[in-house]
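So the structure is just underneath, and the comments pick up after that.
Chain lettering (A, B and C) follows the sequence in which the chains are written, and residue indices restart at 1 in each chain.
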Amino acid sequence: MSLLALRAVDKIFGGLHAVRGVSFQVEKGAIFGLIGPNGAGKTTLFNVITGVYTPEHGEIAFQGKNIAGLKPALIAELGVARTFQNIRIFRTMTVAENVMVAGHHLHKASIGSAILRTRAYERDEQALTKRAHELLEILGLAELAGEVAGSLPYGSQRRLEIARGLMLSPQLLLLDEPAAGMNSQEARTLNDQIRFLRDQLGLTVILVEHNMNVVMNVCETIHVVDHGETIAEGAPAEIKVHPRVLAAYLGEETPDAEASA
Amino acid sequence: MRAAVRVAIAGAVLLAIYALRLGVEAAFTEYVQRIILLAGINVILAVGLNLINGTTGQFSIGHAGFMAVGAYGAAFVGVKLAGPVHGALGSGAFSDAIVFNLALLAGALFAGVSGLIVGMPSLRLRGDYLAVVTLGFGEIIRILFNNAAFLGSATGYFGDDPSGLPAYTNFFWVFAWVSAVVVGIHNLTFSQTGRSLTAIREDEIAAEAMATPSTRLKVTAFAISAATAGIAGGLFAHMQAGVRPEDFRFEKSIDMIVMIIVGGLGSISGAILGGIFVAVSLELMRDLQQYRLVLYALLLIVIMIVRPQGLLGTRELHHLLRRKKTAQPATPTESA
Amino acid sequence: MTQFLQQLINGLSLGSIYALIALGYTMVYGILKLINFAHGEVFMVGAYTGFYAAGALGVVGFEAHNQAFPLYLALLVLIIAMAAAALLGVTIEFLAYRPVRSAPRLTPLITAIGVSLFLQNAGMLLFSPNPQRYPAILSEVRFEWFGVIVTNIKLTIFAVALCLMLGLHLFVQRTWTGRAMRALSFNIDAARLMGIDTNRVIRSTFAIGSALAAAGGILFGLDQITINPLMGVLTGLKAFVAAVLGGIGSIPGAVVGGLLIGLAEQLTAGYLSPEYRDAITFLILILILLLKPEGLLGVVRVEKV
């Protein structure tokens, strides 16, 4: 059973058919790429998977269960974490607090015990703080724990979003344009980080990305959409030369032949 | 062991408040005492409203309605309980205390429930719409009390005694409750729940993506803030001879908003300062009543244009003293 | 049946006034996404301007001699009030809303509440908090048709409202500024990038909306006979509900909403109890926001994530 399976998913906004009959499967432990020209429907697909939008048709099976139309908070609890294209960190909270927000499952204490500051509450707080710091370590943000999130440089904010998502202890991590604004050195580091997330933390990763240096080098399977429809799926080598993919990208960047490990 | 320590601290605090009460009653005139009591009640209102408007970023402008529910509820229950409790425990300060606090809790409960009823449908709306709906509900509550015969309609509820409601409210009770509410809300704000509420304010969509049950938390915060307004209402009621719908018009909601805007939306210390400010300015302007609202209005406008974060923004006084780094929004915070 | 027709006529005339005010709310919200809380007070100022203008033009003299106030003077009163309100609206926009236009939505909301409060209380100081009797700018003449009492005032309300709404419709559809207003309501940034002077268009929007509200104010005064400085609070709120009911941002919606609220209020007062005539509007507000927040004629907007 695949970790995530989309079957004939449609998403329509009034007159705009943003996603048309898209289907794909993501196996556990895969690093899966979702690419396509601007406006192809990639972020919409992320939003549908994470429950921000409800698809008009189709099924989204996560670990066998259909999650289409469920609320985002529930889907997150089930083990699907995401980052956002336009970085949505909590700007006025500290770095550590940003990560701790996602720690609901570690914090069983009720509101009453928060108000009364019971021992159970203090224990949960400590566990939460500890876990948050572990994750910040992994993402190289440990020294910035007390800093205000909004004051962080762009790249650190992106890593913070990932750390925050990891706090959910997810099985599936959706990264929306994690390489945006990065130079090639940073992109290479990102590739290593993504592999680390899969190899060391056992995550399955789906990546929406425009930067082909990242996509071609780190993804094992790539699914290409254009105008909401699937136009190709396969290994990077196939996609690089696929005629329909090249045609869709004509006028924008074509997948670069020099992008190799 | 820890529990015992806490009870001891609570006891010490109560003793201190009691001593303070004796001092205040000896040192100040009735006039000044009344201002101090009103300031305390305002602090409860402001700190409670700040939880939902400031920390959670859900702007409600009808909280006077919840204060009314608490006032009427406490007054009514107090009157009905007085007989049985005095019968069982005799009359005197102790049984009065029991009646009063039970009445306050009842008022808070009624207010909290009405907060749930109003909050559940309303909190699906954002920004301007939420504000208008809460305004509508606040008015509906007042209209209902205005037409409720068994509560005296427009004339007001004065209990069964011809001399009006018993004057339970004094310095001790007001400040005991101020302490309880401030500590409670403070603990809530600086907890995982408070973090979640702030996250909802900052970016509700991201918060939900991080498994935050935003609707449930918003409604809970709303109900808690309604309940605290109810406590304030109950304390207020027992400073007057009776409870009248006229005391809970839209102007009261506006007073509450001025309190938290002046102090800084999102700051508990700011809310405390704002509450004191409104009580003091109310009295200072007693002769200039008709100008008071004009000045409050100008104050709101000028603050929004010149310094929207108010006095403290989202910071607390103890943060300033410790020089803790917290972000300063350039504007009163709200969800995206 | 006649009772029903009577309520119908009364409700529609009241509703026409609500519609005139609602247009101002809906146009401003459509462009700035701001609830102009102060709009109800502009309506009030319009009514009072009419009151004082008529006084200055000697309406009391005419009344004392049982003569009808000349029609041309009545029109002059209307024009003066509409102009004054337009000026007030533009001033409010310039002083209070423009400085906070780029701030997150909460700031302008609080500012608008502040302006509304300010005008209410300034009104009480300037105009006296006591209700005033509205002068007979139009002398009342009653007709009876099929048992239903219709006054020339009601007919005037319909006529004036209709003319103004038609005028607005033509303006929005045919003139350059009107088209610019529509462009801004779709996407203000794109409009600015297309070279449209957004400040000018916003000024015009406030001016037109305020002028319409002032006309509503005078009609209200004629119909309800008394005015007071707080008249804008409740009426403004009802007109706002009307705008939401019809679909905020939609001009036809404001008209439909206004008429419906007027009818609902009148029918409630007539058939249920006058006590609840105000409550019915709040009830409608709550219902519409919960069931169909985009309103009857409005468009659902999806937030891009």
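Here, a contact is a pair of C-beta atoms (placed from the backbone, for glycine too) under 8 Å apart; a residue touches a chain by one contact, two chains touch by 3 or more.
Quantities reported herein were computed from a predicted structural model and do not represent experimental measurements.
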- Message: Relative to chain B, which chain's C-alpha centre is the most remote?
- Response: A
- Chain closest to the assembly centre - both centres taken as Cα means: B
- Between chain A and chain B, tell me the centre distance in angstrom, where each centre is the average of that chain's C-alpha atoms. 42
- Task: Can you check how far apart chain A and chain C are, centre to centre, with Cα atoms defining each centre and the answer in Å?
- Result: 49
- chain B-chain C separation of Cα centroids, rounded to whole Å: 35
- Note: chain C residues in touch with at least two other chains are 305
- Spell out, as numbers or ranges, the residues of chain A touching 2 or more other chains. 52, 84
- Task: Would you pick out the residues of chain B that each touch at least 2 other chains?
- Result: 205, 333
- Query: Can you list the residues on chain C that touch chain B in the complex?
  - Reply: 33-35, 96, 99-100, 103-111, 113-118, 120-122, 124-125, 129, 233, 237, 240, 244, 275, 278-279, 282-283, 285-286, 289-290, 293, 305
- Note on the structure: Per the touch rule above, chain B residues touching chain C in the complex are 57, 59, 61, 121-122, 124-125, 127-129, 131-133, 135-137, 139-140, 143, 147, 205, 250, 254, 257, 261, 265, 290-291, 293-294, 296-301, 304-305, 308, 331-334
- Query: If you look only at chain B, which of its residues touch chain A in the complex?
  - Reply: 2, 184, 187-188, 191-196, 198-199, 202-203, 205-214, 220, 314, 325-329, 333, 336
- Message: Going by the contact rule set out above, which residues of chain A touch chain B in the complex?
- Response: 50, 52, 71-74, 76-77, 81-82, 84, 88-94, 97, 100-105, 107, 109, 111, 114-117, 119, 121, 124-125, 128, 146-151, 164-165, 167-168
